[in-house]
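So, here's a batch of structures to check.
Each of the next two complexes has subunit A plus one more chain, namely subunit B in the first and subunit C in the second.
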Partner chain A sequence: MTPMPQQLLRHPVLWLALAGLAFPLIAGEFWVGTVAARVLIIGTMALSLTFLTSSAGLVSFAQAGVAGVAGYTLALLSPNITGVGMAVPWPLAVGAALVMGTLAGLLVGWVSVRSSGIYLLMITLAMSVSLFYLVSQNTEIFNGFDGINGLKPPELFGMDLRAPIPFYGMALAAAVLSAAAVMHLDRTPFGLQLHALRNAPRRVAALGFSTTLLRIAAFGIAGLIASVGGVLNTWFSGQMSPGAVDVHAAVNLLVVAVLGGIRHPLGAFLGAAAFVLLENYAASVIDRERFNLVIGAVFIVIVLFAKDGLIGLIQQLRAQIKPAWTGVCAKSGRKAV
Partner chain B sequence: MRFYILLSLNALTVASLYFLVASGFSLIFGLLRTVNMAHGAFYLLGAYVGYDIASYTGSWLLGLAGAAVAVAAVGLVMHLTLLRTLSGDELRQALVTIGFAIVVGDLLLARYGGITYQFAPPEILYGTTPMPVIRGYPTIRLVVIASALLVGLGLWLLIHRTRLGMLIRAGVDDRDILSAMGFNVQRVLVLVFALGAGLAGLAGVIGGSALSVSPGEDARFLLSSLVVVIIGGMGSLAGAALGALLIGFAEQFGLAFIPNYATLLTFLLMVAVLAVRPQGLLGRG
Partner chain C sequence: MSTPPILAVREASISFGAVRAVNGVSLALAPGERHALLGTNGAGKTTLFNAISGEVPLTSGGIAFKGSDISRLRPHQRARLGIGRTFQTSLTFADRSVEDNLRVAVMGRRGPRFGLRPWGAYRPQVEAARVSAARFGLDEVLAQPVGTLSYGQQRELEIAMALAGEPELLLMDEPAAGMSPQGRGRLVEILRGLPRSITMLFVEHDMDVALSLADRITVMRDGAVVAAGTPSDIRANPLVRELYLGGKH
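The block that comes next holds the complex of A and B.
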């Protein structure tokens, strides 16, 4: 069944890609290389959480930590000025980072396999902070609190990925591919099993599926997505330190996902955009140092009054402005199939 | 021999501190089913407020009492304004407390800055207490251990020997039936939340005196509370004590023998407990 053009046009990931491609045409280098690239990286990391929550109903605090595992693996296997680890060719380093991050995701899923809801939240937070203490206390491998510095993105076919536009392009490609993968996965039998797991775990078990394996697999996929974000983040900041996996990093990722709307893949990117913009504009509203105050207050308001975050607000707004429009679209969509 | 005794006493001190913080966390969870992610922020708030009161009045004890009351009041306000409206939705409650913790943490940073504060406890608590074999041990640490014992005993008496305790125990088992029998459950919930928050404030002053006060302590004590109740069991006083002891000893012995990997010991302890008893060692259900 090939999707009709009309359906394709309404595909959210297409909009993400188009908006991403159009952005460098209208914005300056600072906005593209610094702001937008950061939005895409944070969005990709938050997407891993959104995927877990929207498909399998799992809320995890460990995604920043999982991204951090990938980041540390990359840092240790890349040339750095701290002089730790050993440098290998960069495709190998990236591959190893993705594998280690995925394994970390699987580990999180395996350890927390019997917990759900707020228990899961607590256990994943505890694991995430354990990683923070491990890397900040360990001077042998991770160089303790100072972390690993002087990391650079590689060159690809003579193109310097360090330059703002190529780096942005790479981040955009990663974000679009991850989002497309998540949206696609939602329609596969595996995605349906995850939905079933979210809605009625007992029935899934009674039907003969292994709920344990399903959950661990979901965490593994989320781990892979988080690792993609983690690798980009490490290149973006040029360093890897315990600060990237501390409790604030874990909380920020959850804030981003909830802010945008944790039930929709694009919510992660919307939330990331709101987060980064607030970060840049909090300076002009009040003191730059008080960004956390602003984001905390906004977060509380969103949690209290907008259950599905910014995406939910937009959908409500759309339905209110043009109630007929959404209805007609849904009808014609059905006709097209 | 002396080394091991000292190490054990250090572990006991840390465990006592963890128990002081986690007991309130566990109490709140047991009755309200709310994971108070702002518990670490309450600890830090108590430490700072206690420091201010103590340095203004010159009385450490007043600081202790003032911090407990102030943080209980803040907890009360948070419960009434933010948590009550979300009653029944545990996940969103947890999220709202995270937002609250971010705001409180930032306000504290704005007010007190990033520097480390050091309490000046009364003369009697300063210095060391002579002891056999190890010669002496810092008095303030013994005070930490003693206050954990006192608070533990007090909570046990409250829960098992008073009318309020009876209501709390009944509420933990079945809140709806308790309410249907004509008891004002909302009042009990509010009281318990204030009590749990106040305990965190109290622990802030005691912990701040034995160690020091600086930003970042909130995350540390939130984590320790989480791990203590994950290991010991949610909503169980004895579980909090057992969990705190296990974590305290694992952490101190880990730091002494495998300093680079000390956290792994705590992590493995948690994994082991989760694998065998997901509800915690002394947790029910």
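The block that comes next holds the complex of A and C.
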């Protein structure tokens, strides 16, 4: 067996955590509190899709919607300037948001349990669109198109969680925990059962597993991860409106997940980083309106030439550098890692 | 038969639209029996298997396991009652190791079915997977992805996976199909060596394999049973001779 420290060093989530902790040392407040925090939030939401695909071979257009269910729950249970809902202590509001989002995930899994491939995409898209129409047309509870405004993260031990560094810290903790959870699941019986389900569902059933329950459970876990992103997103933008659950939001999450590499948990965060950077820079170089064109083009290039996304490209690079690195180590008498 | 049957199929019919794949088949297996199902291509053998394991609903008729009706149960519920099966074309988790495949197989019946702790917390299951690999000499390729195994090993893994759940009734759909003569010999030895606490129903085109393993044989054609009896009955049956020995009259 490999000694613990070495194993830890190879753990990708550790790299996410280290890079995340180092970032505020080299970057200013705007980059930390606005850009990087957003990357972590979008990455966490996209991670819910990456988890579904990499573990069970499932796809979903409903993850933005599920995150939105958590976001709306939080908004309705928090003090807001729109004057809807009912404010409760914030730990309760967050807990309720996570529970509702997880339930929404389970519901998506239950409704779509007999569908796969393109039909699964369509049925989850349909659910996502239904949610959009529900919240945008209902003014009594959800305040329609204007949504719910003036939301703020709480203060914790006298620290304003909306200040750039604390908020970033919270987003980083959520992202690292979510990614670690996904990596952990892959090494458990449940993770193996999901892999099996994707490989040969008939066999899985013949062995005594309810394929229905396995699938719904996978959607439930994905729902919980999306909800974590949804809660942070609501605090980040200070409001919750139908725009967070429209078709655009649904497509964006899929683009982020595929761009980064849908087979690896860290892909979601790489994809989110590329997405947010492109969004910021495309807007300054060309028209803001043209952003979709740029992201679309990048998306097509990645899909055509790098099947495993950005993380796949990095893995290929590492595979090419490794022999050279081993050579250098041999010369200098060090042990290669 | 004095002992009550462990499996009783009563007047089972299965239609796919206008195609009547199985037509009024009755079948009873005594506990511990080795029962071979023979028949020409398209006779309905696999369809009958799928009905017993719960993948295909009966159009009419009934299926009882250990005296209780199971014809409305879902496949995983029947598996948990003790019905294991293999598939005509291998259905394994190809990109995973032999060990992983067997771990899943072990957990199907005894759990944990949603285990969320690391593997270290499930020593008995991990051990059981190794033991079931050893039975087929698969312990040497434990870490290999199943896709890289030889055809014969993949067929053996099929059976090892079905046995890992410690079934009381084992359904095997052409277990020896496509195997080399040595492979067949080995397989027959392994199956012979299994305890009589396991009842077996198997489809086999190879007469030698079927006759050397079975206590009783049922022959199907066009969805219906055309002959049933002991191996010597079947050997002497003129219709079977016609079907299997090239239509000598």
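By our rule, the second predicted complex is superposed on the first by the 315 of 337 C-alpha atoms of A that agree within 3 Å, B and C clash if a C-alpha of one lies under 4 Å from a C-alpha of the other, contacts with A are read in each partner's own complex, and residues count from 1 in each chain.
Criterion: a residue touches a chain if its C-beta (ideal position, glycine included) is under 8 Å from a C-beta of that chain, and two chains touch if they have at least 3 such contacts.
The structure displayed is predicted, hence computed values, not measured ones.
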item	value
Room on subunit A for both subunit B and subunit C (clash or fit)	fit
Which of subunit B and subunit C A:R187 touches, first, second, both or neither	second
Vertex subunit A angle, Cα centres of subunit C and subunit B, expressed to the nearest 10 degrees	80
Which superposed partner A:A297 touches (first subunit B, second subunit C, both, neither)	first
Partner chain in contact with A:M122 - subunit B first, subunit C second, else both or neither	first
Touched partner set for A:F209, first subunit B, second subunit C, both or neither	second
Touched partner set for A:V258, first subunit B, second subunit C, both or neither	first
Touching partner for A:H195 - first (subunit B), second (subunit C), both, neither	second
Smallest distance from any CA atom of subunit C to any CA atom of subunit B, in Å, after fitting	11
Doubly contacted residues of subunit A, that is, touched by subunit B and again by subunit C	none
Sites on subunit C touched by subunit A in the complex	53, 55, 74-76, 79-80, 84-85, 87, 91-96, 100-101, 103-105, 107-109, 112-119, 122, 125, 161-162, 165
Complex contacts: residues of subunit A adjacent to subunit C	184-185, 187-190, 192-193, 195-196, 199-200, 202-211, 213-214, 217
Complex interface listing, subunit B residues touching subunit A	33, 35, 82, 85-86, 90-92, 94-96, 98-103, 105-107, 109-110, 219, 222-223, 226-227, 229-230, 234, 259-264, 266-267, 270-271, 274, 278
Interface residues, subunit A side, partner subunit B - complex	59, 111-112, 114-115, 117-119, 121-123, 125-127, 129-130, 133-134, 137-141, 246-248, 251, 254-255, 258, 287, 289-290, 292-293, 295-297, 299-300, 303-304, 307
